[in-house]
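Can you read through this structure? Questions will come right after.
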Amino acid sequence: MKTKECIQYFERIKTEIHKNSAKLVELDQAFGDGDLGISMDQGFSSVVEFIKSCEEEDFGKYFMQVSKTFNESAPSSLGTIISFGFMGMAKSMKGITDAKLSDFQEAFKKGLENIKEKTGAKVGDKTIIDSLEPAVNAFCGSGNQKEALHFANEAAKNGMEETSKLIAVHGRAAYHKEKTLGHIDGGAYVSYIIFKALLND
Amino acid sequence: MKTKECIQYFERIKTEIHKNSAKLVELDQAFGDGDLGISMDQGFSSVVEFIKSCEEEDFGKYFMQVSKTFNESAPSSLGTIISFGFMGMAKSMKGITDAKLSDFQEAFKKGLENIKEKTGAKVGDKTIIDSLEPAVNAFCGSGNQKEALHFANEAAKNGMEETSKLIAVHGRAAYHKEKTLGHIDGGAYVSYIIFKALLND
Amino acid sequence: MKKILNSPQDFVRETVEGICLAYQGQVKMLNDDFRMLVRADNSRKKDKVGIVTAGGSGHLPVFLGYVGEGLLDGCAIGDVFASPSASKMADLIRACDSGKGVLCLYGNYGGDKMNFAMATEEVEFDDIKTSSVLVTDDIASSEDFAKRRGVAGMVYAFKIAGAAAELGYSLEEVATITKKALENIRTMGVALSPCIVPTVGEPTFTVDEGKMEIGMGIHGEAGIEIADIMKADDLAQLIFTKIDRELHLKSEDKISVLVNGLGATPLEELFVLYRKLVELCKSKNVSCVLPHIGEYATSMEMAGCSITIFKLDDECLKLLEYPALSPFYTNNNLF
Amino acid sequence: MKKILNSPQDFVRETVEGICLAYQGQVKMLNDDFRMLVRADNSRKKDKVGIVTAGGSGHLPVFLGYVGEGLLDGCAIGDVFASPSASKMADLIRACDSGKGVLCLYGNYGGDKMNFAMATEEVEFDDIKTSSVLVTDDIASSEDFAKRRGVAGMVYAFKIAGAAAELGYSLEEVATITKKALENIRTMGVALSPCIVPTVGEPTFTVDEGKMEIGMGIHGEAGIEIADIMKADDLAQLIFTKIDRELHLKSEDKISVLVNGLGATPLEELFVLYRKLVELCKSKNVSCVLPHIGEYATSMEMAGCSITIFKLDDECLKLLEYPALSPFYTNNNLF
């Protein structure tokens, strides 16, 4: 796969995020500041705008620019967290111009790792990680792209739903402690949307 | 009449003003700032409070103190205008300790004159003068106190009612020009209340 | 009533007590009376013309906030939106006279005017010379200059008079230059929401959602018209045009602009207005110096703003730049 | 939406353009980008530690207003209530480094933290030393000091860090004294009414008539409890007691108090609160110096206030008194 071919995936994510923008605002309003739908919308549409005219063929440099673009237009907490993810992917894919599934699997792992390192969040903390980590693991569990994405999608959904049983310890939601029980985390929902869009069922 | 005997008159004015306080607020709200009922209430109750313990026998000094007291507690436009009135009365009654009706008639004239001099307002300008001037003139038209007050009361009432046909040129109401047509002037209404209370019918 | 206070009756006293506690080295009550504020060094006062003002409370930093070096020597205040009494004004004038006379500089409102008339008459007996200059900068309040209300433009008038007095101008000269300044000062404002007089407890007027009242006075006096809320640029243009019609700004003129918040309007919005005003000035080759942007004359929690333009000649510019220092105002960080 | 603006999307840019037009001699955009503000003399900068901050718009004078002498060297801002991006922060840090390193001093919010983490990592490649100090003064936001939000207390932190840098402290020393100051700074606030993010167009929360939200954050983060509006004296007492529980004020201690208006609350009310705070301090023989009373850190048109207490040792007092000058802040008229 070439960098140019990534456009369709980002387009799908952008569309799916946009469709769910009101839902994300609602989730973020419960214990955050309610901007999640807006910032994710901005972030992914800026990335799509950017990559359409991006001639970079090196996946490393490509994802580094995606990371910067995303952060510039969505410098919120989750926007920056996702930028950390792209940055991890960039480091992992440096020098690659024709990427195989295994390259992406490695890149997703590195992206997840970078996020965990920078945020200090782990599974169980009621954040995007609760959906992202199981999804990335599932994605790495098959050599077939369609199947990998299918597993990932399912794991992302489960992980997202599980967050309603958790108490937030990071971000604005952490001020509300026990009150966050019963509510789904907005960041985890974003992860779920991303994998749903990638699968494109 | 001695200064001590003035208390009953001031008491009556105070009571009548208090009863009409909401009405005065309403009149002042139309084209003013709506404080007329409150400031008149304050002014006359402070004066009553003060003269109860005032031992001054000289009518001149007595009204000078009434003027000061009134102004201190009601330093609004009309409050100060009425203080100018008391000041005019004070000057006219200097040295008198036993006042006759004619002394009061002279004092009322001087009070009115002082107000007109200080404000520059004249009959027709839609102010307290439109009720006060005819009332004072009528009050001076009889040697019998009861009758004089009766004439004054009637003139004050007519003058007050006439203000609804006039256009304001002084005070806050002047900003509204023609719009003030059809409305009674609050200051003129105060004059009417005063003479009504003095008559005590 | 969304206010932080104790009893409405104590509001003015407690405000002034707070101010005196905060700025002990700079201001104090006269005769321990919270209705009169003078500079802390009032007893060893300078040999200069005294500058005093008076008016209702509820407009901080107007009036109390302008008692300071190169500004006012003293100020008397009444209840919220109400004049103080003549006797307070008279006491204040006496305390601020150093033998060179006292300028009474205040907004053109009935109560204040009548009380100052009584007070100046009173101090005449003590052989204190006074001169009165009325601020009538609000172009929305009347076609007739002399009948206009005084609003935010009085801040510039305080600044000019204070500096002139500091520089040794005589009473007549201080009055003359202040009047000359005021002839070149115009203001117009808009209100977006009402304010509440504490003793009343509810708004004395309303401005409907989506509407603004153009030309409304700082106590809620009715304006020229009620309009839909307009864009900041259009508002700046509207007010600029109305003021320019009177000041006749021309190429190479110098002005100082005061974009004043009435209370609830965020500072950010004032800068959006200022941005457009500079653009309008540039197109006429008028230059803007020493802008004043912030809350200089408020109406408690009223939302809205006013724009004042002060056309400067060399003398006024010099006086505007002259150092001034009160706990609420200084110009040393403005240029 | 009762706001004076053009399009919500242009609000932040136009605000900053207005500021730069108003105070040309003092501040300017970095790289003509309205998201970064530096001192006008940035190019010939002093040989000293740089102090920068960053955060969302809508809090004027925080953050832009504190770029000035003896204060911040630069500031990056995001949209209303949103962090700027890491690349702006990185550019800013580079521009404010004179070789002695840069202190990143900002409020403890997720977005700002993550972006500063990314930015400081980025400038490390250019061999720029940075140190980060987070402001966590809001006692209502968590029991855990490190998890608390940064609110008005950051103004004191800017002042201390700025003065220390001016006096030639090293990066490590500036960071140390600023942290020490912050250990002695506590804030708590109340909100009486909401504010509106321009792009959202309606309030993101409500405070019912007759109610106040105790401990609400400056972006509307939920507080500790919703209470009936209380008397000013009771509110002062409540906040003082909560803060005192942490600062343990004792006889002969010196403090500086910041009574901060959130936007729509009249200045008068802040002085009513200050009056009571001084009384409470007197009863403990604690003395109040250099009070800051006014709008220092706002949430646009939110009504409410916060009270910050800064317990001073000799070093902090000296740094607090050290001259500071920005278009929005100076301490030369406060004592």
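The chains carry the letters A, B, C and D, assigned in the order they are written, with residues numbered from 1 in each.
Note that in this section contacts are C-beta pairs under 8 Å (C-beta built on N, C-alpha and C of every residue); 3 or more make two chains touch, one makes a residue touch a chain.
In this text the structure is predicted, and so the values were computed from the model without any measurement.
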| item | value |
| --- | --- |
| Minimum number of chain-to-chain contact steps, subunit B to subunit D | 2 |
| Furthest chain, CA centroid comparison against subunit D | B |
| Chain centre separation in whole Å, for subunit C relative to subunit B (CA means) | 32 |
| Averaged-CA centre spacing for the pair subunit B and subunit A, given as whole angstrom | 79 |
| Geometric centre distance via CA averages, subunit D-subunit C, whole Å | 29 |
| Euclidean distance of C-alpha centroids - subunit A vs subunit C, Å | 56 |
| Shared interface positions of subunit B, touching two or more other chains | none |
| For subunit C, residues contacting two or more additional chains | none |
| Topology of the chain contact graph, where touching chains are joined (line, ring, star, complete, other) | line |
| Touching pairs among all chains present in the structure | A-D, B-C, C-D |
| Residue ranges of subunit B touching subunit C (in the complex, touch as defined) | 29, 33-35, 38-39, 68, 71-73, 75-77, 79-81, 83-84, 87, 118-119, 170-172, 174-176 |
| Residue ranges of subunit D touching subunit C (in the complex, touch as defined) | 1-6, 11, 14-19, 21-23, 25, 57-58, 60-61, 68, 192-193, 209, 212, 229, 231-233, 235, 263-275, 278, 288, 291, 293, 295, 298, 300-301, 303, 305, 325-330, 332-335 |
| Subunit D - residues contacting subunit A, complex | 78, 81-87, 109-111, 114-115, 117-118, 141-142, 147, 149, 199-200, 204, 217, 219-222 |
